[in-house]
C-alpha cells in the first residue's frame, strides 16, 4: 500500500508537467499578443511600435519560447508563478484573493447538489422503471440538458423581474456574515449545483442498482430484513463508495460551470479570472491557474483512490 | 454614486490608459490645466490654470497657475508638476494623443512657481482641447519613479476625490477630498465603479437599484430604455451624441480595395438607415468622416447629395454592380472581414454583410478578440475589418490625424498628399469658421476617395435615477469628460 | 465478460464465444432479426429511452431536411419586419435583423447536430482507439497513453475547448475539434477497462494458442466486445457536446455569424431582447434543451440496457 501511494505521488509529477506544458504550448501558439492588450483595451486606443517593443521587453516576451518555458518552470519549482501581465500583481496574490470566493461557491454547489442528488438517486434505483423513477430521472436529465449560462441568466432575470432584487454586490465570508454570504451565493450555487446534482444522482442510481443485486444484499433480504433497512443500512453505504470516485470528474464539470456562472453573476472568483486571463493573454495567470487546478485534481484523485483502496477490500495493489 | 464599467483598468496611469474603463474612475482624482465646462457646451475653461495667453505668432502659450492648491498627499501644487506632466504626456503618454501632441508640442518651462510657458512647433488650434481631455491630468512630479503605475500610491492628484480602494476585476472606490481647492465641492461622499462585463447583468443590477447609473454615457440600449420608460417612472434615460462610429476599414494597398470603384461600390451598397435600425434601434446619426454635430462637418444637406447617401437603394445597388463590373468583378467577389467579437460590434457588420451579398460581394467573417484584431490590423494583414472607432477629443486633428500618410493609426494605409497639406493647414487655423472651410474640403476629398466606410455615428445613452441632481447634458465625449462629479448631488443623500 | 440476454439491445455481431460463421446470409438474417427483436423490446422496456431516441431522430431529420422545412432564407435581413411576434407568416416570430426565427432554428439544427455528432464521433473514436491500443498492448504503450489521459483529465473540458478555439479561431471545424479533444480521455478509460476485461478471458488465450496475430485478435474478438460500452459512452457524450457548443457560442467562441446556431441565437441575440421579445430566445432555448434531453434520455436507457449490472430484474 505504501509503495502504491509513493508510486502514485511520483506519477503526479509527469502529469502536472504535462498539464503545464500543454497549456503553455496552447497559449503561446495563439495568434495575438499580450503586449497589444496591455497598451490599451478600448476602441479609441491606437499604437506605436516603440511602446510595443518596450512592453514586450518588460514582459519577457522577447525571449525565445524554450527560454520562457524554462524560466516559468523554474519559477514553479520555487512556488513563484510570476506576475500577472494584466494586473501586474504577483499571480499567487491574485489567486489568494479570488480563491475563497470560488471555494465558497464550490462547497455550496456541492452541498446543494448532494442534498438533491442522493435521495433522488436512491429513490430512482429502488423504484427502477416506475413512475417515481421516471419523474426523478426527468428532473435529473433536465439538469443535464439546460445550458448553465441560460439557467443562470434566467435566474437573474427572474429575480429582477419578479422581486426587483439581485444578490448583493458585496462579498462577506460565511463566518463574518452568514446571511449575506448565503444571499449572495445561493443562486449562483443553485445554477451550478443543479447540473452537478444530475451527475451524482445518475451515479448514485446506477451504483445502488448494482449493489442491490449483490449477494450480501440478497442475503440481507433473505434474512427477512425490511426493504428500507436493506437499502439504508447495507446498500446505500456500499453504493456511495463508487460515487466518490467521480469526484474528480465532478470537479472538472463544477469548475467549467463556475467559469460560466461567475461570468454571468459577476462573481470575482478564479473562474471569471480565468476567462479574463484567456481574453487578455495573461499567460502567467492562465498557467498558474491550470497548474493549481491540476494539482488539486491530482491530489483529490489520489485521496479518492487511497480511500477507496482502504475501504474496499476487494481492491488489491500489486 | 455607483456605475458599471465593462472591464477593469490595466493600470492607474491616466497619461497612458485611454480607455473609459480607466478614464471614468480615475478622472475625478485629478485636475487639468484647462478643462471643459460640461454645463456650458463644453467650452474650454481654466482649471489649475486661472488664465492663459496665446502669443501673437501662436507658438507660445503662457499659463498663469492657481495658488494654494494641494495634492492628496498634502504637498503643494507648483509649476514643476504641470511641466513634468506635460513633458511626460508628450514623451511617454499614450500613442493616441502623443501622436497628435508630438506634432505640435515643443517644450515647456517654468518662469516662476506659478507661470508655465509652453513653446509649440507650430500654431495649434487643437492644443487646448488636448489639454482639456481626461487623459491630460496633472500629476505629482516624479510620481512614476516613486510608485509603480499599478500601485495605488501612484494616484496622487489634486482632484475632488481621492483613492479609497481597488479590487481588480471587482470595483474601484474613491472618497471625497475634504480639502478640495474649490470651496464646498464636491457634494458626494464618494463613488464606486463596478466591473460588469455583460449588458444584461448591468441592466438587471440597475433595476435592482444596485447601480446609480448603467454607465457614464454608456450601457443602455433601446430595448432596455423601453422597459425603463414603462416600469420605472423615477428612471431617467440620458441621450446625446457620441464621438464614436461604425468603421469599415479597407486595405487600400492591395486588391480589390486599391481600386476606388470597389470602395465606392461598398459605400453605395451599404444601407445606412437599415444598419441604424438593426444595430442601434434608431439610436444613431448619419455622418461623413467627422462627427456630424461638429461645426467642422459638411452640412447634412450637402452630405445627402453624395450618391452613397441617396435614399433609392435599388438605384445605388445597380450603380454598385456596374462599378464592380468595371473594376473586373462582374462575377462577384469574396473578401475576408475581421470582426471584433461581441454583441456591440456584430449587428452592424452583419447588416452590411447582408447588403453586400445583394451586389455579389460575399464577406467571410473572421471573429477575433481585441488583441488579435489589433495585431493583424496593425501589421496590415487584412482585407477589411470593422471596429467601432472613437475619439476622446472632439477636434479635427484627432479625426483626420488617423488618415494622414504614415500615421501609426492609419491602418488602411490611405495616402493623399493634398489631404495631408490641408491637414497641416487646418491645425494652424484658430478661427473656427476658417478652419471649418478647410476641414470641409478635406471631407469632400474623403467622400470621393472613400478610405473607409462609416455606417453611422453612435448615440450615447445611459440610465440613471432621478434622485441624481446636476447631471450634465450628454455631449460627444461625455464618456470621458463628465465633470468629475464635482457638482453632482443626490436628493436625500441617496443615489438609487 | 458481459453476457447479453434477451430484452437487451443486442448489438449486431456481439459473439460471446467465437463462432465460425459459415453462412454469411444466414448470419445477416439472424443479426437483423435479433436487432429487430432488441428494438421492440427496448421500446417496450425503456419508454423514456425510446422517447429520447425519437427526439434525436427528429432533430437529425430536421437538420437534413432544413432546406425543405424552412419557410424563409435564414440569413435574409428585413429591417421593416424586425422583432415581430409569432404570426402565420413567421411561425416563431422575427429577430432584431428581421430574420425568420423558425427558419433559423431549423437551419440551426444543422450546426448543433453536426457539431455535436461529429465532435462526439471524433472524440470518442480517437479515445476508443487509444484505449484499445492501451489495453491491448499494455506496457509502455499503456503507460504513455494513460499518462496523456491523466494530463487531459486535469484540465476542465470547457477551459481546454476555450483555449483551443481561441488558438485556432472560431470556425465550424475548429469548434468541432475543440469539443472533441476533451472527450477523448473518458472514452479511452472506459474502452481500456473493457479491453482488459476481455483480454484475460479464455477465448483470447485460446486464439493466441492457435497462432493468431495481434491484429486478428483485436479485430475478431476485442472489437465486438467493446462495442456496447463504446455506444454507451458515445451516446452519453453527445448531449454534453451539444451543450459545450452552446456554451462556446455564449462566450463568443462558437461558429461565426451569420450561420444560425442555437447557442448563439440564445445568448447573444436572444438575451438582449429577452424581456421585450421573449420569442427570440424561446425557440432556440427549447430546441437546445430538447435535443440534449433526447440524447441524455436515450443514453441513460442504453446504459441501463447494455450494462448488465444495471439491468432491471
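Going by the order they are written in, the chains are A, B and C; count residues from 1 in each one.
Going forward, a contact is a pair of C-beta atoms (placed from the backbone, for glycine too) under 8 Å apart; a residue touches a chain by one contact, two chains touch by 3 or more.
All of these numbers come straight from a predicted model, not from anything done at the bench.
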item	value
Centre-most chain [mean C-alpha coordinates]	A
Comparison of B-C and A-C (more C-beta pairs in contact)	A-C
Centre-to-centre distance between chain B and chain A (centres being mean Cα positions), rounded to whole Å	40
Gap in Å, rounded to a whole number, between the CA centres of chain C and chain A	23
Intercentroid distance (Cα basis), chain C paired with chain B, Å	48
Numbers and ranges of chain C residues touching at least 2 other chains	166, 169, 271, 274-275
Junction residues of chain B, two or more chains touched	200, 368-369
Where chain A touches two or more other chains, by residue	30-31, 153, 157, 263
Chain C - residues contacting chain A, complex	45, 48, 147-148, 150-159, 162-164, 166-167, 169, 186, 239-240, 243, 246-247, 250-251, 263, 266-267, 271, 274-275, 285, 288-290, 292-293, 296-297, 300, 303, 307, 309-310, 312-313
List of chain C residues in touch with chain B within their complex	75-77, 79, 82, 96-98, 166, 169-170, 252-253, 256-258, 268-269, 271-277
Residue ranges of chain A touching chain C (in the complex, touch as defined)	11, 14-16, 18-19, 22-23, 26-27, 29-31, 128-129, 134, 137-138, 141-142, 144-150, 153, 157, 161, 202, 206, 209-210, 213, 248-249, 252-253, 255-256, 259-260, 263, 274-275, 278, 286, 290, 293-294, 297-298, 301
Contact set on chain B toward chain A in their complex	7-8, 10-11, 17-21, 94-96, 98-99, 148, 150, 167-171, 194-198, 200-201, 204-205, 207-210, 244, 368-372, 374-376, 378, 387-392, 402, 408-409
Parts of chain A lying in touch with chain B, wherever the complex brings them together	30-34, 36-49, 51, 86-89, 94, 97-98, 153, 156-157, 159-160, 164-166, 168-169, 263-266, 268, 272-273, 276, 279-281
